Amino acid sequence: MDISTVLGLAIGWGMVLIGMLLAAGGDIPLFIALFINQPSSAAITIVGSLGGVLINFPLELVTNLGKVLPKAALPDAKNTAYGELIEEMVEYATEARRNGVLALDAKTEEIEDEFIKNGIQLAVDGTAPEQIEEIMQLELESLQKRHETNQSVLTKWAELAPAFGMIGTLVGLIAMLANLADPDSIGPSMAIALITTMYGSMVANMVCIPLAGKLKERTKEESVRKEMIISGILAIQNGDNPRIVQQKLATYVPPAVKATLSTDEEDA
Amino acid sequence: MDISTVLGLAIGWGMVLIGMLLAAGGDIPLFIALFINQPSSAAITIVGSLGGVLINFPLELVTNLGKVLPKAALPDAKNTAYGELIEEMVEYATEARRNGVLALDAKTEEIEDEFIKNGIQLAVDGTAPEQIEEIMQLELESLQKRHETNQSVLTKWAELAPAFGMIGTLVGLIAMLANLADPDSIGPSMAIALITTMYGSMVANMVCIPLAGKLKERTKEESVRKEMIISGILAIQNGDNPRIVQQKLATYVPPAVKATLSTDEEDA
Amino acid sequence: MDISTVLGLAIGWGMVLIGMLLAAGGDIPLFIALFINQPSSAAITIVGSLGGVLINFPLELVTNLGKVLPKAALPDAKNTAYGELIEEMVEYATEARRNGVLALDAKTEEIEDEFIKNGIQLAVDGTAPEQIEEIMQLELESLQKRHETNQSVLTKWAELAPAFGMIGTLVGLIAMLANLADPDSIGPSMAIALITTMYGSMVANMVCIPLAGKLKERTKEESVRKEMIISGILAIQNGDNPRIVQQKLATYVPPAVKATLSTDEEDA
Amino acid sequence: MDISTVLGLAIGWGMVLIGMLLAAGGDIPLFIALFINQPSSAAITIVGSLGGVLINFPLELVTNLGKVLPKAALPDAKNTAYGELIEEMVEYATEARRNGVLALDAKTEEIEDEFIKNGIQLAVDGTAPEQIEEIMQLELESLQKRHETNQSVLTKWAELAPAFGMIGTLVGLIAMLANLADPDSIGPSMAIALITTMYGSMVANMVCIPLAGKLKERTKEESVRKEMIISGILAIQNGDNPRIVQQKLATYVPPAVKATLSTDEEDA
Amino acid sequence: MDISTVLGLAIGWGMVLIGMLLAAGGDIPLFIALFINQPSSAAITIVGSLGGVLINFPLELVTNLGKVLPKAALPDAKNTAYGELIEEMVEYATEARRNGVLALDAKTEEIEDEFIKNGIQLAVDGTAPEQIEEIMQLELESLQKRHETNQSVLTKWAELAPAFGMIGTLVGLIAMLANLADPDSIGPSMAIALITTMYGSMVANMVCIPLAGKLKERTKEESVRKEMIISGILAIQNGDNPRIVQQKLATYVPPAVKATLSTDEEDA
């Protein structure tokens, strides 16, 4: 459970909602009334821009958001467990150095992580190091491209929502200006016209942009892990000293975490 | 038939049109009247910005849009048939490994895909691997550049349409402000001035930007397919084990599809 | 003669001028009067931003625009004559394969294109392939950089013209607001203030941006031709089979043109 | 102590605060009253956008700002002590050239800089040069990525703060327009609405953007130092002449500093 | 003396000042009065944004502008003296080819250009070509980075000045709207509020952006010269034919200049 996503959503939306209540000033919450009485404002901005997103992407990428978005709040803890990963790779390196790479064959069964398992399997099969690196790098790049595409659905929505909001406001303004019958209705009409611009900015800045950002951070975490694994597998196949393996992998790790690793190293 | 393009166009335009009807508020649809009675608004924005696009690109690139745009709604299903492609390439790899690359000569006749056919032909002719890779990569890059240029016609239109819309609005505002004879005409005059800004934003955000995005997705799909073919042909010529060929090509495939491939592999 | 540049200028400017006539509404063309009676509006926007361009670039780059701009409407037809170029290169390849590269020495005299001539001369002189590639690539990159710099003069003008237009509008607004003596003059004063913003947007979007775009397309065409020549010369020196030379060069060509090439190939 | 950060904050904020005092014109400081009486304006802009930042990044990256920001005003003087660094590296180079790289083992104990120490240790251990370069480069890139991520928290805040400011202004405008009961309240209501836009622009332009810029300069300084160290260690292991080592490292140094180095060189 | 910088400043500022005089319309120059009577407007925009620049960069980079800016108007003529440079390099190439690279040792004393001198010295010392290239490339990149940093001070100012201008305008608007005592003061108050936006746009578009552009052109000129020198030194050490040296260096030169070089070549 990633606390900052939930906290951030609570704080960001909380502040804006409190601001709305205070701005409305009366006992009837004005913005809730506007939201309910003017369903076309929300429709033109939120649903309309979602239509634009649908034109822009294949259907499965848009429906995929349902599977991808929860990752922003529920990260895979495995990705930042640098210590455990280094320990695991050093263990394989030690085994390979003592009894040869083939000795790892017995271990592949019990490896949980598919990416490590495939890498070790390739090394055990005697695949050339360049082939291993090529295959594993291709898989990492392929994953990064897929994640980027998922995030680009959100960033495109963040681009189209304010644009549809502005179109909504222009529609409202034009309708108002063309029928200036009653001067008293100018204020409320402009309020209604402006509300789509506000919705558009909220969809972009309070939902799409920061969630796309969090997903990008998740991709970075997973990429670092996978890069560490590739670097480790190649070092193991190369018969590197486990201490060198440990040191290479440690370079990927933030210094705060690295301090805790040093003690692990002494234990080993 | 790509459902999301059609659905997206229906939703996006539907929402905006409903918003227009509700905003106009009366029984006479205001915006249709504005569109018909003020043809210069649409002309200055849509036709004028198309003029800008014509200055910017050679004529054939602009007329080419007629051939390119349908691709957004009618994709080539072949490009995402990863399973069939991998099966086909593995079949050639198996043949080449058993009876030599020359044995593929007999097969070239029946290969439908021009890109695969040319690649196999080059391999059969004994062309050096670097030459094959160079020629096929050049062809892929050449295709990507052509597609990018086609998409840039749309993105340039998306850039110029709001600019011409703003020029139209400025023209309207200046004309209105210079002749403030009748205060009652200010409202309707401003409505007419603003309508070009609205058209410009609609052309950009409801047509050009999302359609250019969909075409970009199509190019990505075709590029992945062609990269898989290049990778496959080179592996076949290199005499790689069909299982390695299968594994290399599978790295390009999304995990959901990959799951279905594994079973195919067992059958093979 | 590039018809799309002329057509685009006619359409773009035509639409805006028609819009101006209709917006002015009377028999006296308002915008021509504004243009003539308010010369400072055009001066501050067009001449002022040209001053900014002069600060930004060496004088010869700015005066160079006079030589560069006609290229937008008058392209060099040679650059898109792919068929002739491939035929010519295949001819040299055939000659070099039959009688050796030195046999091309006799031909260099009659080669019109300087770039091909220099390349063949280098090959005949027995220069190492890497040296030839380095020299020819340097020349191509040098040309691309020069063209880019020329185009950047236009794109910088497109950036500064709206900025000077906005400065002009601010000057007009401030002068008007500071002397609100006569309420009746507000309208006309604002009209005059806004006109510089309109000029700025017109200079940018109806002249500079699309013309810079067309020049960029011209550079692309010339670059493709020069890349084909480099690729061809290296293949000729390498003693490649003329059919391979033909195939390599054909990868640079759009498919529509390639179809016509295939027949040529059969003739050869 | 970096004087320009403190000076810049004093000047930037000083000018704006003086402008506020003069603009308010009376003896009661208007903006302080607005800040205190309208806490929701500051809350929606500053706290709300901080919420958006929290959605966008893992919690530790946001809390990390507390540790990172002081670096903007308190740089690590070591990073720009080019002369001392070159002297130190030349000393090791001289020692290594006279008595072999192993002779540096005795020195590693007294080296304070962890990065130099690790590098020398790797060289003494007889690690292959490519391995040393790989490990040290990985560590440098890893540091740069971490710093970039920290800076991106600030640049994201600089992006979200004006957006939340605009949302706040829209909230205020809509509330005002919907209840146009008292025409006299229009002015003050619009003032309150606009204040969130002002706060947003101040957070972005007077805090986040320039501080992110200063941190980026710090990263550049640290990167140059680390690149010099890597270049030096590799030259030392390679047994380069100390003069070549000196000359290589001097290329990283600004000319003003280089002038002072030349005299050091003569001393050596 | 670079005429276009001076001319551009005169034209750009002249047009805006004439526009101001005409807009003010009376015999008292309104904008000079505003500038003198409202010193806080200029202070908040120009001095305030300079404060932001100081936060963003180390002090010496900002004070360095005093040394860097004159370069925009006073270029180093040496950098575009392509003919002389090629002649000089060809002379060394001829000498080195006749009497060996060591023969250049006698010449190093009289070489004025430090960069050429160092390069020749390295070649005479028998440094390996890769080492020479590395050292000279490092020096060029180091110079480019320093120049870029200097230019980024100006581009950052161009970013912050309009932002501080907008903050100033918001301050003025809020103060005016909060105290709508006298309707007659609305006009003049808005004029004063808008003046900071105008100053901000002038600082950015009439000073910072075009001057940064001119400095960038200077860097390009110096880079081309240094790249020619590196290419030349390496060719000389390699014992290349002086004609090849001439031809390689000539590729960097614009065609107009190249025409004059050809005759030089015949003389040689």
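Going in written order, the chains are labelled A, B, C, D and E, and every chain counts its residues from 1.
In this text, a contact is a pair of C-beta atoms (placed from the backbone, for glycine too) under 8 Å apart; a residue touches a chain by one contact, two chains touch by 3 or more.
Keep in mind that this is a model prediction, so the values were computed, not measured.
Traced through touching neighbours, the fewest hops from chain B to chain D number 2.
Remark: rotation between chain C and chain E after Cα superposition is 70° (nearest 5). Averaged C-alpha coordinates put the centre of chain B at 40 Å from the centre of chain E.
Note on chain placement: the centre of chain B and the centre of chain C lie 25 Å apart, centres being C-alpha means. Residue positions of chain D in touch with at least two other chains are not found. Passing around the ring starting with chain C, then chain E, and so on, the chain order reads C, E, D, A, B.
Of all residues in chain C, only 2-5, 7-16, 18-20, 22-26, 30-31, 34, 72, 184, 187-188, 190-191, 194-195, 197-198, 201-202, 204-206, 209-211, 213-214, 217, 220, 244, 247-248, 251-254 touch chain B in the complex they form. Across the interface of their complex, chain B is touched by residues 40-41, 43-44, 47-59, 61-62, 127, 131, 134-135, 138-139, 142, 146, 149, 156, 159-160, 163-164, 166-168, 170-180 of chain A.
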